[in-house]
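Here subunit A shows up in two complexes: once beside subunit B, once beside subunit C.
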Partner chain A sequence: MSELRQAARIARTSALYEVLQPGRLAGAGAQLALQIFLTWCLWRALYDAVAASSGLDQGQAVSYAVLATLYGRLRGPDRDVAGDTVRQHIWSGSIVYWYLRPITPRRYHWLRAVGDQAYGLAWAAVTYAVCRALGLVGAPASAEAGALFGLTLLLGQIVLYYLLALVDVACFWTLRNFGVLAIVRLASSLFAGAIVPLWFFPGWFQAISSWLPFESSLHVPLSLYVGRIAPADAGRYVLVQAIWIVLLAVALRLAWRRADQQIVVQGG
Partner chain B sequence: MGELAIEAVGLRKVFHSTSRRPGFAGALRSLVAPQRVTTVAVDDVSFGVPPGELLALLGPNGAGKSTTIKMLSGVLVPSGGRARVAGHVPHLDRQANARRIGAVFGQRTQLWWDLPALESFAMLRDIFKVDEAAYRRRLDELAGLLELSGFWQQRPRQMSLGQRVRCDLAAALLHDPPIIFLDEPTIGMDAVVKEQVREFIRYQTAERGRTIILTTHDMAEVSRLASRVVLINEGRVVYDGGLAELQKEYGSGWKVRVTFARDAVPSGLPGLVGTVGAEHLFAGTDPVAQRHLLRALLDRDDVEDLQAHGDDLEDIMAAVYRKRAAADR
Partner chain C sequence: MLTWRFITMSVKSAIEHRADFFFMILVGAIWQVTVVAFATVLITRFPGMGGWTPGAILLMTAVRSGGHTLAGSFFMGARQISELTREGRIDAFLLRPMPVYRQVMLNYFHVPMLGDLAVTGVLFTIAARYLDVDWTPWRVAYLVAAVLGAMLLEAAVQTFLGSFALRHPAAKQWQEWTEDLMATFGNYPLNILPNLARAVFVFVLPIAFCGYLPVAFLTGHTTELPVPVWVAAASPGIGALLFVAALGWWARRLGRYESVGG
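Showing the complex of A and B:
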């Protein structure tokens, strides 16, 4: 029981940052609503002149784009504002306290990520329901497509967690991760199809992205949702996601082990 | 002597880093062929602390005090030597070690910066799995000693330094650790809060029997709280012993400054070494002579002002470093 209580308490930290500050909560809601509205307007306008492009009709493209906007909220609140990123703790030296608690830094970091994700998911689920009610997002292509969307979305988020966690742990060596983080953020948006669906890119770009871990976080689940990838073809994508999860999990474990051994605390 | 609460034997910590050459060309060269730099922060440090003692770990900036504390608290892995805290090697089982120790690093907070302090306390209660009744009891006691209830609903980002460090002290003791590491806990505080924190630290050893290692640059704090000091310089222990013995061995003696009403030194008073304006300076090394002088002065009715000085601990520390440096040459 106390294990569960400990896990729940740690997991809800970032959510508390927003919930305890109504201004921040309202700002996040207003920002998301505006983003969705503008995205919806943009993609409807783009499809005014054509019925279909790159295998996506207007309904599919608009649903994809609006869901991609919701996806941005899935990762939970921005911890930078709260001074609670790994980079900030390492830079200020307060990372020292992560090693003075009866929980490993790796587990603490993981619980925080799970909590952020659950909070983000709650936001995304409520907003999805509103978007569905308003007709901004269509229904999944089929029940099977909906189920595979859920599965691949989950696996994709695990892939993304490992990637971002590796960037965090890299701070133990680099002290700052602005550059790496900027690259990962751009790559995870571009190669995941969050900016523009990957179907609109040339074949060589799609070929590269199909072997990178980013595609599995967004492009695959959304393409399944809108019916651009048939459920019968989903096996290959799930396999690629599983391989990335295993590789990144091993890499993260090794990185944490090295970090725990060679931690250096800044400023004496 | 029974089992030590804290023991350092030949502790050593070496840091490796890369150094960048100056200028644009230097930066490019450093990218291709980085210069490796090795820094020995702590070198062969040994001492022990019995249960219930407060030990002051002193030294100039960069001497290795904080690095020593971080090795003893299990945060840093020693490059050599051995650390034992409550009979265990701290870095080998950090989780078990965390339950036995509390720590405050004065310039850094362990509170969640954007949550009210009470939320941070509740978080630590659950992380350390402290049962609710014990948590309530301890929080009440700590709130009373540190007067927390006036600001514990605030976020650390909104607190003054004194308020924040008092919350940090409470956070470090919520799980009732027998051993505490305090790294410059009163740095930057005003005199009133400093006094409150000192009294809190004194209470923790005297009444609660906790073992404490304290680093500080405040010599009044050392005189007030510690009976034993370890001086570190350039990563090495240069003195380990009682504060009184330190003063006796390295002190320069006593001084008494007197201003007489008629601006003349009465004859028969021992130890006069100089006069600056109306002020007369008496000095010596024999404490008995100082007592005789003070008694004689207090019996007189022409003394307008009298100031008696012992050794300033900062001067004594400087004397230790000088003598050790001379001995090493």
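Showing the complex of A and C:
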């Protein structure tokens, strides 16, 4: 029980960091509301002159775009702001404290991520309910599509966690990760369909996306939600997600093991 | 001379971590793919937006993106004010024989700049190909002025918000949010938005002057403007005026600066 309580105390850190600062909290809410409103206006305007494009009608495209905006909030607050990333601790030397605590660095890192994700999920769930009530987002294409949306969204977030954790842990060797992080963030938006749904892109672009882990985080769940991917075809995508999870989990485990063995705090 | 030494030191500092330097260049390349992909989608999948042709929208994107690239190259330091204050480095800047603002701006070298400039060039080329506009010398000159105005306007917004970071580190979040907002919604004709939102983007967060208004004037999309045509035409000048005002605000805030060390 005390272990569970300890885990909960670690997990809630980022949420408390934001909740206890009304300015930051209000800013996050205003930002999300404005982004959703503008995205909704934008996609409605694009469909003014066409009934459907690339297999998506206006309702599907608007729902996809608004949900993609919510997805941005799903990963929780930016931990960089709170100064608790591996890079920041390596730079200041305080990474050594991660190795002195009665919890392994790997588990601490994972618990923080779970907490951030749960907090982000709460934001996304409340905002989704408001959007549904206001008619900004349509209902799932079917009950089955809704369930598969939930499953693939969960698997997609696990894939993304492993990717971002790998980038974070890589700082044990690279010391800085601004470049890699920027690439992963940009790629995870572009190749996941968060900027423009992947259905609008040319075939070659979709082919590249299908080889990368990013599309499973957003494109697949949202396409299931709006009915662009039929539930009967979902098995293939779930399998791809599972393969990515296994590959990335193994890579992360190896990376942590190597990091634990070679940690050097600046100054020796 | 001193300024040049600051620039070379910033470049050396960026190159020190070679892997990260390489990846930052790669970021610029991926961003190019993003923008070109966006252009491809717009041109091939939709006939336009809000009465604007894809070519005119692309020109708007190119102007805003060009301004953003230049602002990122010369004024990116405004985004670092929060960290510089927290680490007490502003104190050191105050002791050196160079204006603090210039030191803040020279403190950071924006690596993907060259890639970003290439994107802007590609966008201008695509837009010019799809637009039926006679590119007279004065139009080209106005276009250059519009890009510079967009740069100054973005620098003004970041400087204004960054000034708050001298006392409130959370201002950085607002800077990032504003940059995202400008990058996302500066690329579209704002007449697709309701009147209130349009007014906000003209009078509160003046995104409209970065691309929408100058390009509307240049391409003749002047029927649904939220301001008189002469105001739209004066967009580059308005960007410059706002930048001067932001510098004044920075000087005022810096005068009230208190070190984190007390």
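Criterion: the second predicted complex is superposed on the first by the 266 of 268 C-alpha atoms of A that agree within 3 Å, B and C clash if a C-alpha of one lies under 4 Å from a C-alpha of the other, contacts with A are read in each partner's own complex, and residues count from 1 in each chain.
FYI, a residue touches a chain if its C-beta (ideal position, glycine included) is under 8 Å from a C-beta of that chain, and two chains touch if they have at least 3 such contacts.
Please read all numbers here as calculations on a predicted model, not as lab measurements.
Of the two partner chains placed by the overlay, only subunit B lies in contact with A:17; subunit C stays clear of it. In the superposed pair of complexes, A:125 makes contact with neither subunit B nor subunit C. Of the two partner chains placed around the shared chain by superposition, subunit C is the only one that A:180 touches, whereas subunit B remains out of contact.
In the overlay built on the shared chain, the residue A:9 is in contact with subunit B alone; subunit C does not reach it. With both structures placed on the common chain, the touch criterion links A:239 to neither subunit B nor subunit C.
Once chain A of one complex is fitted onto chain A of the other, the partner contacts of A:261 are limited to subunit B, with no touch recorded for subunit C. In the superposition on chain A, contact is made by A:195 with subunit C only, not with subunit B. When the two complexes are overlaid on their common chain A, residue A:104 makes contact with subunit B while staying clear of subunit C. For subunit A, the partner with contacts to more residues, out of subunit B and subunit C, is C. Of the two partner chains, subunit B is the only one touched by A:94; subunit C is not. Shared contact residues of subunit A, touching subunit B in one structure and subunit C in the other: 81. Contacts from subunit A toward subunit C in the complex involve residues 21, 23-24, 27-28, 31, 34-35, 37-38, 41-42, 44-46, 48-50, 53-54, 78, 81, 174-180, 182-183, 186-187, 190, 195-196, 200-202, 205. Contacts from subunit A toward subunit B in the complex involve residues 2, 5-6, 9-10, 13, 16-17, 20, 81-84, 92-94, 96-97, 99-104, 261-265, 267-268.
On the subunit B side of its complex with subunit A, the touching residues are 15, 61-62, 66-67, 70, 73-77, 94-96, 98-99, 101, 103, 105, 107-110, 112-116, 119, 122-124, 126-129, 157. Those residues of subunit C that touch subunit A in the shared complex are 17, 19-27, 30-31, 33-34, 37-38, 40-41, 44-50, 111, 168, 170, 172-174, 177, 181, 184-185, 188, 192-194, 197.
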